[in-house]
Amino acid sequence: MKVLYFAWLRERIGAAQEDVDVGDSRTIAELVETLKGRDPRYAVAFEDMSAIRVALDQEQAELDAPLAGVGEVAFFPPVTGG
Amino acid sequence: MKVLYFAWLRERIGAAQEDVDVGDSRTIAELVETLKGRDPRYAVAFEDMSAIRVALDQEQAELDAPLAGVGEVAFFPPVTGG
Amino acid sequence: MAVRVQEDDFDISEEVAALTDGRADIGAVVTFTGLVRDLAGAEPISAMELEHYPGMTEKALSAIEKEARDRWPLQGVTIIHRYGLLKPADRVVLVAAASAHRQAAFEAAAFLMDYLKTRAPFWKKERTPDGGRWVDARCEDDAAAERWRKR
Amino acid sequence: MAVRVQEDDFDISEEVAALTDGRADIGAVVTFTGLVRDLAGAEPISAMELEHYPGMTEKALSAIEKEARDRWPLQGVTIIHRYGLLKPADRVVLVAAASAHRQAAFEAAAFLMDYLKTRAPFWKKERTPDGGRWVDARCEDDAAAERWRKR
């Protein structure tokens, strides 16, 4: 699955985009746990999930949203445009 | 005293400006009565005073405002700019 | 000059640039542009005559500008109102308000228009196929101005 | 296109003209222009980096435009947001709303900005003497967006 990171999440993880084998993760929250177990960078980046927003296929989603059928997951801080 | 008329008041009275001897009119309302007695055009123009606004020396004023010390009186309908 | 009453047209970008050029403390500029529409109710309008009260107009607009500056932290205000003969689609009025933040700029621009509509001595006459007709003042404009009254 | 995400600057007059040219049914155009300020709190800013999420950004802005058109009778909407490296006093964002009457244009423009601030995937990083700092989301922006929630 294509996973994107923006702003300070991109900087902490050290990548803007990667292809991730989601294993048996069924939700975004489970995917986050999978990533955190893979490398300390993820554990640091995803330490405070209340500061992180998620989009599935470019639509904002909640952490318990299912991943089935999703092609693109994005993690980012609350938006600050305008 | 310099008296100015705008919009349909100007058209009904047939003048944009005139010098008026206010006689013993002490307020705007008394000046209006003086003018109405002078010519039927004024009686027609000032028929409905609720539709008319007044300015004394270029500041909006009420009908009972005194004329003492005033150099310029203006009569006009409610404004419609913008 | 922040307040101008003129026959000529104006350019929105130029007016905004006049407010913002050479300074970096402005975060928000809101502009309102009013244009002549070609319909009043069901009747087509071929032209619009705008009459005003020279002298009082400038005083009234300056007083409105001052009131806005007293109420909101503004780095700049522009009010331009045209007079004379205008055609449908012509620009009539521009107000612009510049501030550090957007809420002040939005509120001030809306306030400027509401007060201008009810306090600046302009009168519109529409030319229609039936002749000319002076535009009536609108109750909605009085209500819009009323909402800014300090309680 | 009513929604544009671009590195280049924009011209307010051109964008308003694109909404109004060739039609005489628009009585009111409200624009909001956001600019980079040179201060964040007490710290001077030398530049601002604007990152966004290509693809999602355009979708989010189009959804915001549609929501505004559903809520108000608008003849035109423009949203332009820049990305990349900007300097103090540079323009960042333009929204414009055109309607027959001013209230719809004012409300729609304020709504577009409130929703854009909380829903469009942009992130600002300020360059200060201490280095770079990601701008925090502001509670006031959430509150501003919340006031448009339908009751």
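First chain written, first letter: the chains are A, B, C and D, and each begins at residue 1.
Following the convention adopted for this analysis, a contact is a pair of C-beta atoms (placed from the backbone, for glycine too) under 8 Å apart; a residue touches a chain by one contact, two chains touch by 3 or more.
The structure displayed is predicted, hence computed values, not measured ones.
Q: If each hop has to land on a touching chain, what is the smallest number of hops from subunit A to subunit C?
A: The fewest touching-chain steps linking subunit A to subunit C number 2.
Q: Distance-wise, how many Å sit between the C-alpha centres of subunit B and subunit D, to the nearest whole number?
A: The separation of the two C-alpha centroids amounts to 49 Å.
Q: Could you please state the distance in Å, as a whole number, between where the Cα atoms of subunit A are centred and where those of subunit D are centred?
A: Subunit A and subunit D have C-alpha centres separated by 26 Å.
Q: Would you mind pulling out the distance in Å between where the CA atoms of subunit A average out and where those of subunit B do?
A: Taking the mean C-alpha position of each chain, the two centres sit 73 Å apart.
Q: Which residue numbers or ranges of subunit C touch two or more of the other chains?
A: Subunit C, residues with two or more chain partners: 34, 102, 113.
Q: Residue numbers in subunit B touching 2 or more other chains?
A: 82, in rising order.
Q: Going by the touch rule stated at the top, which chains touch which?
A: Pairs flagged as touching, ordered by label: A-D, B-C, C-D.
Q: Where on subunit C is subunit D touching in the complex?
A: Interface residues on the subunit C side: 11-14, 16, 20, 23-39, 88-89, 100, 102-103, 105-106, 109-110, 113, 144.
Q: Show which residues of subunit C lie in contact with subunit B when the two form their complex.
A: The contact residues of subunit C facing subunit B are 34, 50-53, 55-56, 59, 81, 92-93, 113, 116-125, 134-138, 141.
Q: Which part of subunit B faces subunit C closely enough to touch in the complex?
A: Result: residues 4, 6-8, 10, 55, 58-60, 74, 76-82 of subunit B touch subunit C.
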